[in-house]
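Next come two complexes built around subunit A: one with subunit B, the other with subunit C.
Moving on to the complex of A and B:
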C-alpha cells in the first residue's frame, strides 16, 4: 500500500518536473543584444527607418512613408532591454485619401522595451506605446478628432535580416495589443536594426 | 352657397398640399448607408457632422424601479464643430431627436398601495389600474431640454474617459390611470445624464460602474464611422418627485408614485446603462449621397 502511494507521488512529481520544463522552454531564457556575436556591454543607440509601416483601424489604413526610430539598448541583469526615445513620422496618408493625416506623433516617450524568447524565436516587446493621430478632410468621418493609439507591441526579431517585424501574428504570439479605446488596431511594420554609436556596421543579433 | 363652399374646399386642399410639401422638405432622401441621416439638418449653418445612434439594450434604474431597454431608442440629429472636444446637437428635421419609445416597466406598478387615508374612490381606482396584469405601465424617455443642450464628445466616447454624452431627460410614466402628464423630471428640473464609456464617479457608498467604448469601424471608404456596442453608463444622477400623475387626482397619485418608486431619489441610487450603436459622418459626405 505504502509503496503504491510512493509510486503515485513520484509519478506526480515527475509529471510536474516535466511540465515545468515545457513551460520554461516556451517562456525561454532571457535573450540579450549581441554585436558580432558578443553580448553588448554598456549601451548603444539603434537608429533606423521602417522598410514599410501601416496602422489599421478596421476600415481605415494609415501608412507613413517615413517612420523613423531611435532606441537606446543595453543588457541589464542578463536581459536585453532598451527604450525608444524618438519616433518621428512623416508623409502619412490613408488608403482612400478621404481622410488626411493632419498631425501624427509619438507621445509619452521614452517607451521601455525588452527582449523575450517564445518558442525559440526572439521578440522585441515595446511597452507604453502611445501615438496621437489627428485626421482631417471634408468627407472624413473622423475629421477634427485626435485619436490615441495605446498599448504594447511585440515584434519578431530576425538575426538573418537584422530586422524586427510587427504584424497581427507577432502580436498574437506575444499577447500584445494596440488599441484606440476598445477597438483593436493592427500594426504592420518591418524595422531594420542597426547599431549607430559604438557598434556601427557590426552585425546585430539577439540570442 | 355652393359657389362659396368650393373655394373653402380648394383652400383646404391647398393647405394639405402645402403641408405635405413642408413635410417632404424636412426629410432629405440620402442613399444607401447614408439614408440613416435623412433627418439630419445637414444643410443647416453650423452643422458639420450627422449622427444616428440606436440604443438596443441596457437599463434605467430609477429609484427602486429597474426598466430594461427592450425597444430600440434612437438619438439623431446634427453636430456642431467641436469645442474642447464637445459638440452640441442640432435637432433632427422630423422633430424626433430622441425617439419617444415606450419601455414596459416589469410588473407595472403592481403592489401599489394608496395611503390608508385615501378616499375609497382612489383606492378602488388604484386597485383597478395597478393590480391588473393587463394594465401595465410604460416608461418613455423624453428630452427635457432643447436638442442644443445635448453634448457629444466622440473622443471621450472612443477613448473611454470623461463625459461622452450629456443628455437632459425626463421619464414619462404612461398608464390610463396616470394620465398623459405623469413625469419624473421636467424642463426646469431635468434628469442630467453625464454618460461615459469609461468608469463612473458616483457618490461615496455607491460602486462605480464601467462602460465600454465599443468597436469602431470605418465603412464607405472612411466616410462613415460605425461604433457598435458602446456601453454608456452613469450612476451619479438624481431624480426629483413625480408630477402630473393621475390628472385631477395628482395631489393623491403623485405621493403614491413617489412612494412606489422611491422618489425623490438621490444621486447614486439611480443608474443608466445604454448599449448603443452609433453612426457618424460629415455633412459633406451626407450631402454627397
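Moving on to the complex of A and C:
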C-alpha cells in the first residue's frame, strides 16, 4: 500500500516537473543576439553613435552632440549578455545656458548588460551605470558639485530598425531607474546597433 | 573612465571604421569587401580606403582577416543592408570625465536626500510659504555641521535665487519637518531678502528646485541672516559629500 502511494506521489512529482519544464521553455526562451538570423557564437563588438540622447535632472537637460559607445556582446548560457566597455561623449551642453558642462564621463566601466523579454518585447538591460557630471556657471543651481548618476537602464530593442531605445516608458516596463541620490533622472536615447568586428554589415537582431 | 586617454585610440579607429562600414567600403577588407549600397560612389570608396589605410591596425586586421574568402557570407547567409545613418566623426577630443583633481575641489553627491512629500501649495506664497519636510541618510562620519540650501533652477533677474539657506544643523539630525528650524540652526537670507524659506513661483508652468545638504567637516558657524551665495562656496570647500534632490512644483 505504502509503495503504491509512493509511486503515485513520485509520478505526480515527475509530471509537475515535466509540465514546469514545458511551460518555462515556452514562456521564458531567453533572448539571444543574432546576426542574419543566426545566434552569435563567440563575441562581437557593437559600435555606434546615439541618434539622439539627453539626460534630464529635474529642470535641466544635458545633451551631448556625439554619444559613442562600444559594447562587447555574447550569448552565454543561452542568454544574450555583454558589457559596455567605452562611452566617449563629445560636445556636451545644457539647454539652460546658465549651466556649462565642465566635465562629464562614464565611471566604473565596463557596465554589464543582458537581454530580457517582457510581454513579447526584447529589452537590453544595462547595469551598474555611473556617470559623473560637473556643472559650472555663476547662475547655475547645480554648479560646483559632482553629480553622480547611478542605476540600471532598460531599453527596447527593435529588430526592424536595429536600435535600442531608452525612455521613461522603457524604464517603467523594465523596472529600471537612473538616479542622483534619491532623485529619478530621465534619460532618453536611441542607439543603433552595428556589428564591428566579425559580423560587419550583417543584420543584428534579438530573439 | 579616462576617455581622453584610453578612448582616443579606439575612437580614431571606431569612427573611421564605422563610417567605412556604413558607407560600405568594407573597412579592413577593402580589397575583398562585398558591394553594398554605399560603396558605389568611387570617390567615397577611394577616400574611405585611404582613411582605412591610415587607421589603427588592430581592428582592421581582425576584420580584414575575417572577410578574406567571403566568410561573412558563409557565417551570415547573406549581407543585409544597414538601416541606420552613418556615424558622424566628432570633431575635437571627447569630454573629459570628472578628474581626481576636480573631485578634490568639489563635493560629490553621495548623501541620500529626499523631499518625501515634494513641494505643495503650502510651501509657496500662495499658501503658508513654509519649508517642506526633508530627510537624509548616509552623512559621513566626522561631519561637524550640516548646511541646507534650496535653489531655483531658473535664475531670477539673472541671479541665482536661494529659496532657503540653513546652517549649523547638528550632524545627528536626519530630517527637518515642514516649517521647522532645528535647535541651534541659523537661517540665511533668501532671494526675497528675508531670513528663512520663500517660494513664489514666477510662472504658471512647472518649475524645478534643487535641494542640497552639505556635510561640513569643520565648523563654519555663520550668523543668522548669512549671505547664501558666498556661504555656498565656503560650504563646498569645507565638505566632501553632499545630498542632492531635484523637485518640481507644478502649481
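By definition in this document, the second predicted complex is superposed on the first by the 179 of 207 C-alpha atoms of A that agree within 3 Å, B and C clash if a C-alpha of one lies under 4 Å from a C-alpha of the other, contacts with A are read in each partner's own complex, and residues count from 1 in each chain.
The criterion applied here is as follows: a residue touches a chain if its C-beta (ideal position, glycine included) is under 8 Å from a C-beta of that chain, and two chains touch if they have at least 3 such contacts.
Keep in mind that this is a model prediction, so the values were computed, not measured.
After superposition onto subunit A, the modelled positions of subunit B and subunit C overlap sterically. In the superposition on chain A, contact of A:138 is made with both subunit B and subunit C. By the touch criterion defined above, A:47 reaches subunit C but does not reach subunit B.
In the superposed pair of complexes, A:194 makes contact with subunit C only, with no contact to subunit B. Of the two partner chains placed by superposition, subunit B and subunit C are both touched by A:96. With both structures placed on the common chain, the touch criterion links A:59 to subunit B and to subunit C. In the superposed model, A:87 lies in contact with subunit C only, and not with subunit B.
Touch counts on subunit A: comparing subunit C and subunit B, the chain ahead is C.
Shared-chain residue A:162: touches subunit C; no touch with subunit B. Residue contacts after overlaying the shared chain place A:106 against subunit C, while subunit B stays out of touching range.
Applying the stated contact rule after C-alpha superposition, one finds that A:72 touches neither subunit B nor subunit C. In the three-chain model built by superposing on chain A, subunit C overlaps with subunit B at stretch 225-233, while the rest of 9-17, 117-125 or 225-233 show no clash. Annotation: subunit A residues 57-60, 96, 98, 138-142, 144-148, 180-183 touch subunit B in one complex and subunit C in the other. Those residues of subunit A lying in contact with subunit C across their complex are 35-38, 45, 47-49, 51, 57-60, 64-66, 68, 70, 86-92, 96, 98, 101-107, 109, 132-134, 138-142, 144-148, 160-163, 180-183, 192-194, 196-203. Residues 57-60, 94-96, 98-99, 137-148, 180-183 of subunit A are the ones touching subunit B in the complex. Note for the complex: subunit C touches subunit A at residues 1-3, 6-7, 10-11, 14-15, 17-18, 21-22, 24, 26-27, 34, 36, 59, 62-63, 66-67, 72, 75-80, 82-85, 87-88, 90-99, 102-103, 106-114, 151-155, 158-160, 207-210, 212, 232-233, 236, 242-248. Of all the residues in subunit B, the ones that touch subunit A in their complex are 48, 81-82, 154-155, 157-160, 197, 212-219, 221-225, 280-282, 284-285, 288.
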